[in-house]
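Here come two complexes built around subunit A, the first alongside subunit B, the second alongside subunit C.
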Partner chain A sequence: MTTSAFGVGIGWRPEIAGYVAGLPGLRFTEVVAESLHTHAPLPDGLAELVGRGVRVIPHGVKLSLGGAEPIRDERAAHLHRCAELLGAPLVSEHIAFVRAGDLEAGHLLPVPRTREALDAIVANVRRAQAALGGVQLALEPIAALFDWPDPELTEGEFLTEILDRTGCALLLDIANVYANARNRGEPPAALLDELPLERIAYVHVAGGVQQGGYYHDTHTDPTPPEVLALVKELCARTVPPALMLERDGDYPPAATLTAELDAIAAAAGWPAIT
Partner chain B sequence: MTTSIVAGPGDTWGIPGPQFLWLYFGLAAVAIISVLIWRRGYTAGPSLRSARDLTATQAALINGDRRLAVYSSLAALRAAGCVESDKRGYLHQAAHLPTGASELDRAVYAVTRNGITTTGVQTHHSVREVLDRTEAELARDGWILDDQARRAVRTGALVVFAVLAIGIARLFAGISNDKPVGNLVLLLIPIGIAAFALLSVRRVSGAGKRILAKMRRDAQHLSPSQKPSWTTYGPQAAALSVGLFGAGAFWLADPAFAQQAELQRNIAQTGLSSSSYSGSSCSSSSSCSSSSSSCSSGSSCGGGSSCGGGGCGG
Partner chain C sequence: MTPPPDLAARQRALVAALVAGGEVPAGFDAAAVRATTAALRRKRAGEVAARWPFLAASYGDAWVPTFAAWAASRPPNGSLRDGWDFALAAGDTLPGLAREELAAREAEYAYDGESAPVPRRRGLLSRLRRR
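Our next item is the complex of A and B:
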């Protein structure tokens, strides 16, 4: 049995904080950075996990690294304060844009895969890195229902170049890999061949649903077997430091979450944390 | 100017004013302290060291009232999916009762067989019987004081009222004797306040309050500020959430049912204090047609909901 540094984890959400805290083998979790107030002490449940030695990573969702305008430094500084508060050596964000001007999309939107967009992202990532004061940044490619027309680079080339030029780690969302491949009609494992898997900081696993001809990465449905198969495929190629289940709503009974975490561990060939 | 402490012919009751004030102050202090110590025998309650945690029904009865106890059972039944409310606010059975249901859960479930309002549940004799028995047990174990015990504790105040009466008698005697009574009046005011304060006896013992506080700390994940998922934690946790944190927990977790069943919102409301996590608040402007829980702004979906076409994508 291959061992990973942190094993299987699940995202810390207040709605299920008691369940997360009760997982005996938990060594890794993630908290949405924008929901933490850094001027106040950590929420009780989270402080307890940090005290137990569980690695808690702040996960940003609103930095808008893929925006045409420069990121707001105070948002990056917030990520930095979250990392300090949690004692985290790493923060993560998406390669996406969530706003244009003052218009908030409320969604993670895809970036065109052009040289120009790439340069803008690299500039934004460097700006974020400066505000992070040495805390490592992991970048997560998103799932998108559409691609911008006329891409100049493949997704693998685009992501690899961003990582190469910025020195960032990769937060690979295996469910996004599946969703994009399925919606584009490509084989899901193909992207794995293109990505620098050795740079994975950790991996997201999430559920979704097929609806209206598209696969939606909802985070509110169970992880489908196809995504678990991709977890197995990934873990056959590399040993990622952690696999983390992202569940953001429609929380199922504890036994169902436990079965899902066990299924992820089994797919990876890792010990169960439940 | 010197003050004589030797009784003179002009002194009220033959005791000089300053000397009386000191004696009277001492008497009042001894009386109040004695009554407080005596009361503790009734109001302290049992030691927490050997105590087991209370059930959801017990917690609700200590924290709130009989209504809250019924609500906590309804929370368990809702989390198990075995009761529903129609538009007129009548509760009906929707599925079989799961194993592990408490005595009150079973009683509440049974009376919903033919459709009944929430108020009807509270006043139904079989539900009242369980509540009566549970309250009697709580009183026997010292977590709450029943009416009889509270009346007994109130009698302690009589001692302080007696001291107050002596002071008032002296006051009138002093006035009729043309003596200054300002200091005595100043002393009588706090004694009077203490006497009346001692008439109030809380329903919950000191230990009852402490065990509730301890259980709230242990069950912080069930506080409404966390918007706990009743589906994940299960029926007994849902009942405990309402029992420990009040009816507001019900309104947050299951607003549609709470409204239809006309649950009172403000019973024993606690646990909504601002936490340093803002992820639990759900935008009311969401037009999401699926479950309301998918619109948490604390999700990893870019601050949006998973409704509409896009999914989360993060």
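Our next item is the complex of A and C:
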């Protein structure tokens, strides 16, 4: 068995900082870049992890790479400063837009799978890369309940062309793959056949809930067995450098998080980190 | 024949439908867009509850629907401002605990209702103390 570089991880959030710091086998985590103040020292728990040699990746959520308008360079520069502060060789962001003109969506929104949108994303990614000064950028496809009408490319073609033209790595969110497939009524593993899995920088795993006729990728519910099955399917095809649980609220007791992390490790066939 | 609206205009129309009470643009699955709108309001209610725990708690189980109804045609401004604007809009109906939380925020920040609240003490020492 080829060994994963970093194994199973969990996203660092202030509410669960103590739990994350107490994980004996932890080698990989992520922090929301917009929550860091780069003019001030790192939060205590995070500084301790960096000191222990845990890889901490800044994860941006507000850059709006998929927006028709050019990204603001200071947002990309912030990602760069976060990477320097954390000693991270990589930052990540989404293939999505979060604002349009004067309106903030407060959420990651899908982009149309058209040539026009593809060119806009590539231009924004290149602009971000210029501000990142050699720090690698990994791009994450999102989950959405709807698609734009009249796509010109399949999801696999669209994502692969963005990666090819920008040289970016792929942050594959396996829960997003599951959510989109379930809501479209497609087999969840189908997208895996279309993506360049060898370009995966790391993988997100998260929970969700079926509500009102849709599967919602909430990050506040347990990871369902179907997502764990897709983790297993992915790890049968490739060995991703890390599998990271994203939990963003309604934090359960430590024992529940431990069981979830152990279940992810078991699905991958990797050692537990708890 | 007029050219189709450009990407910027189409993206703005979609965001307006999701957060500002706009019409769902033609061609979209309207039910799925509306379901997204509802999910966004629930998520926003959760984010405001994390930033304004006493405000949210003082409404109990009614918090999410009450906040979601208020937020229906108001685009998000971040959880600090969203909670603040909600509390001000509630006026005399604001429960006691929430009133205390609002007073504490007013002591900490100057907020004109139009732009981001500004911390009242901007010295390095106070910034360090807050961490």
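List of remarks:
Basically, the second predicted complex is superposed on the first by the 272 of 274 C-alpha atoms of A that agree within 3 Å, B and C clash if a C-alpha of one lies under 4 Å from a C-alpha of the other, contacts with A are read in each partner's own complex, and residues count from 1 in each chain.
Just so we're on the same page, a residue touches a chain if its C-beta (ideal position, glycine included) is under 8 Å from a C-beta of that chain, and two chains touch if they have at least 3 such contacts.
Keep in mind that what you see is a predicted model, and the values were worked out from it rather than measured.
Shared-chain residue A:R199: touches no atom of subunit B or subunit C. With both structures placed on the common chain, the touch criterion links A:G67 to subunit C but leaves subunit B unconnected. In the superposition on chain A, A:G213 makes contact with subunit C only, while subunit B stays out of contact range.
Touch criterion met: A:A144 reaches subunit B and subunit C at once. Shared-chain residue A:R55: touches no atom of subunit B or subunit C. By the document's definition of touching, of the two partners only subunit B reaches A:A179; subunit C does not.
In the superposed model, A:R113 makes contact with neither subunit B nor subunit C. Once the two structures are superposed, subunit B and subunit C can be ranked by residues of subunit A touched, with B on top.
Applying the stated contact rule after C-alpha superposition, one finds that A:H78 touches neither subunit B nor subunit C. Within the superposed three-chain model, A:L103 lies in touch with subunit C and out of touch with subunit B [touch as defined at top].
Once both structures are placed on chain A, subunit A residues 40-41, 43, 104-107, 144-145, 212, 214, 216, 218, 220, 249 are touched by subunit B and, in the other complex, by subunit C. Against subunit A, the residues of subunit C that register as touching in their complex are 6-8, 10-12, 14-16, 18-20, 26-29, 31-33, 35-36, 38-40, 43-44, 46-47, 50, 75-78, 127-128, 131.
On the subunit A side of its complex with subunit C, the touching residues are 40-41, 43, 67-69, 97, 99-101, 103-107, 109, 111-112, 114, 116-117, 120, 144-150, 183, 212-214, 216, 218, 220, 249.
For subunit B in complex with subunit A, the residues that touch the partner chain are 219-222, 225-229, 231-234, 237, 275-280, 290-291, 293-306, 308-314.
Interface residues of subunit A facing subunit B in the complex, by the touch rule stated above, are 11, 13-19, 21, 30, 32, 34-37, 40-46, 59, 61-62, 94, 96, 98, 104-108, 140, 142-145, 173, 176, 179, 204, 206, 208, 212, 214, 216-220, 246, 248-254, 257.
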